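Order of writing sets the labels: A, B and C. Residues in every chain begin at 1.
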Amino acid sequence: MVRYLGKPWYVGIWEGQDYLSNLERTQEDVKLIINAARDLERKFKAKVPTPYLQGQTLFMFFYNRSLRTRNSFEAGMSQLGGHAHFLSPQDVYTPTLPEDMEAYKTEAIGDVARVLSRYGNAIAIRIYADAAKWHIGRGHRVIEEFAKWASIPVLNMEDDVFHPFQSLADVKAALDVVPNLRGKKFVVSYAYSGGLKPLAVPQDVAIMAAMMGAEVWIAHPPGFELMENVMEAVRGLADRYGGSVRVTSDMKEAFEGATFVYPKAWSPKAFFPPFSADGKVHKEEAVEYQSRFRNWIVTRELLEEAGRPYYMHCGPADRGQEVTDEVLDTYEKSLYFEEAENRLHVQKAVMSMVMGSRYE
Amino acid sequence: MVRYLGKPWYVGIWEGQDYLSNLERTQEDVKLIINAARDLERKFKAKVPTPYLQGQTLFMFFYNRSLRTRNSFEAGMSQLGGHAHFLSPQDVYTPTLPEDMEAYKTEAIGDVARVLSRYGNAIAIRIYADAAKWHIGRGHRVIEEFAKWASIPVLNMEDDVFHPFQSLADVKAALDVVPNLRGKKFVVSYAYSGGLKPLAVPQDVAIMAAMMGAEVWIAHPPGFELMENVMEAVRGLADRYGGSVRVTSDMKEAFEGATFVYPKAWSPKAFFPPFSADGKVHKEEAVEYQSRFRNWIVTRELLEEAGRPYYMHCGPADRGQEVTDEVLDTYEKSLYFEEAENRLHVQKAVMSMVMGSRYE
Amino acid sequence: MVRYLGKPWYVGIWEGQDYLSNLERTQEDVKLIINAARDLERKFKAKVPTPYLQGQTLFMFFYNRSLRTRNSFEAGMSQLGGHAHFLSPQDVYTPTLPEDMEAYKTEAIGDVARVLSRYGNAIAIRIYADAAKWHIGRGHRVIEEFAKWASIPVLNMEDDVFHPFQSLADVKAALDVVPNLRGKKFVVSYAYSGGLKPLAVPQDVAIMAAMMGAEVWIAHPPGFELMENVMEAVRGLADRYGGSVRVTSDMKEAFEGATFVYPKAWSPKAFFPPFSADGKVHKEEAVEYQSRFRNWIVTRELLEEAGRPYYMHCGPADRGQEVTDEVLDTYEKSLYFEEAENRLHVQKAVMSMVMGSRYE
């Protein structure tokens, strides 16, 4: 491939684009990202400098706490020669949707996005759950509002519908052990947690598995259905890329013969607007309802019986609820830390693509 | 002009100097800053590297929250090749005036300033309102205390009297559209907000407009007088630089025929020490008093009738109180985002001047 | 000495090693660190770039607030060409020992350490007092747990037993004024504060003084004994390096004829587990008990009578309790700011040694 002034082929190829959802991308796009991520991974491990975003600034808004996301984006920017600002809502006038403005505490997202567009090179946002008032989709709207007003790329660091960099990291981890997912059984499964988690990860992983042509199984108890428009998109991707989608409420059946299992908690959406009957948020009822499904836990026995699939989880896993310590600490085919690591590589890839310039 | 080892003329010309107030500067100084800022602006937009503060560290203390100030200083330092530390009071032993020390929570400013002078290259502070106990002038005293003890430059990121980098950004935005302010009507006007804002911005903008030789009008309801020593300084600058100063309580009269209007909320100072009769802080009474002036709002009609002046505001503007959404989002002669952008350029200019070295 | 590709001799000589306690080091090691620190100090003051950790990332976990430690590590990383992440517990899922896990708020240290090992180059932790539940030794166990799981160096930024970088900075400050500590009287003394401080500083300073062959005096009221295993180590070091150790409860006797005095508050350990009779934490009783010793304050008179020793303190000193303002601000032989400054130099030295690479 052609190099531009010593920069690798991927720097700046999508200059100025947002990255809000993998649904705006194709299988070909994802393969480009993974190739770029592999190049950056090799250079990172060989300590080869990669100053492709020299002097650039990423503004990161964390409405929710984070370990992997914050550290992988911040370290990634440093490794690319730039710098990331860690912005928590209490430190700034919180950027807010027009209908949620509170005088003297918040500032219109449109104003924040336009100001920061003058100072730096991209804006990244994480917002879901309480920070998005548990009205599912409101977090994603916040990110879309940033994208509407910003003249620099906006990156989705996880909202209440999508978590695109997680599923990119996941699919890279999968492709690093199984070079082609076509025809492979890839299970996105519910697993119990007492906490209320967003639907972003299972939805985005299902999207990505379907985009890679896998045989996607989605396993969950009744009440944990994914959003219908996401399911439609997943089915469309399966059709387009030669895979399939099946939904079951039997974890064991789903795991049987799988190549990959991705068992993870999410919230039963019928307890939250816009899906709740009365349009209200019912957190306590949701917690109580999900407590019936404590038996959705991943153990070594379950994995052995299923034929030893690769175990996947975005982290942090709730030990003793979603999965046993034994699986996390000793299961030979766990990709848990590889997935976390790949956050760094895929994010550096996408940042290089959308923030970089093809020419000096 | 002469260059020193490839550095532009402004790097290090004021090496080691503090920047606490524009009252310590002259019109000539300000023109140097604006010229330097324009050079840095051109390079930023052309993606030309400007590593004039390579490896340098700026320590930023934010006693108050901030979007523009924090992000423009932090991104600015990165763009100059250095790094800024974001320090909020809860993360450190809060640097405190001798009379306000609280054991085990605070540390004497003198000690903090002397320690940090050994680690890095400049200290920047923002402090006003509650953080300065609403005793007007106490915030400025905190900054002066830092300057007294630090052996590296101290920068004022806004206190309860001055906001020098804001008014520098403002005057650059004005000069970018009207090359000479001499003889132009420049209106600093009160506008209503329910919040209690410091006097720093109107005072500093009045100083800067007078320093540029403008015909300065200051418009506010009774009770919103600026500090008398600031007013004296403004009158002195008007005399020195060929301008004038007039005070009125009629917003409409003030706007009539203006080239620039800068309508913005500030607090009625008679409710706060050292100006209150009993020497106490009366926040609730101040809020109630200012609520009588809700009609001091900027609308498109008002601007049209006045002859379409340039609209200015430091941001964040209180939408629906100080100004209508329509003005902020659609008024053709708004400088709102240009002023915010220029924070970056003027701050990089001053940092290059006071933190840089003329020689390697 | 041999240089590797233009890097000074110390870069990478201990590549990959942790730095948890000076007890794992020898006098020879400490001399190497001090020599490296002096090289870095000279270059810092001459503005010579030292990009020995270009593109590297340090993750800093601050369970306790900090001024010197945070700013010296963060500025130090910048000056070495890298970047440090400031991580406070509320911003991340708090890394926690297995027995202290709280669902949805904490994450196992083992998981955090393994994830961060994939993103960057070293992890630094500060944890003591409330953050370590006042069970003395628990803070140090947290740091050991990080070291157990991380595959990158772990650095101790102060726990409830040790503060290795402080005592390294202290000994450099001492050696900068007295080239050899052998045979010099070095007093580690209690001084009163109303706050509850960890034992880390006096213990680590006693270790370091003994390692340098000094005549170590430890002075404190009854109830303020240092931990027995630390005292054994101090005695062992004195034997090995030709010094001595003596304990007294008479501050004046201790100061008499000393070359260095290091008077500083710490907590009476009998009120805290594992040393309290009932295994419980007794903070109020400890505060009350220590209030009997308000006369353990350092004054100019005391120093003059003792023969004008060098005054040392890690900072922040509690003015009016541990020491008078007069001593801090005017005593000619105070090393207070030199000790603080040397934090920067010794930390940059150790980071260069353990994070750097001998080869590109």
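The working rule: contacts are C-beta pairs under 8 Å (C-beta built on N, C-alpha and C of every residue); 3 or more make two chains touch, one makes a residue touch a chain.
For clarity, every value in this text was computed on a predicted model and none was experimentally measured.
Overlaying chain A onto chain C using CA atoms gives a rotation of 120 degrees, to the nearest 5. Judged by shared residue numbers over all numbers used at their interface, chain B and chain C contact each other through mostly different positions, with under half in common. Chain geometry summary: the mean Cα position of chain B and that of chain C are 40 Å apart. Counting partner chains per residue, chain C shows two or more touched chains at residues 83, 86.
By the touch rule above, chain B contacts chain A in their complex via residues 47, 49-51, 62, 65-68, 70-72, 74-76, 78-79, 81, 83, 86, 88, 193-195, 315-319, 321, 328-329, 337, 340-341, 344. Residues 54-55, 57, 59, 82-83, 85-87, 90-93, 101, 103-104, 107-108, 110-112, 114-116, 118-120, 357, 360 of chain B touch chain C in their complex.
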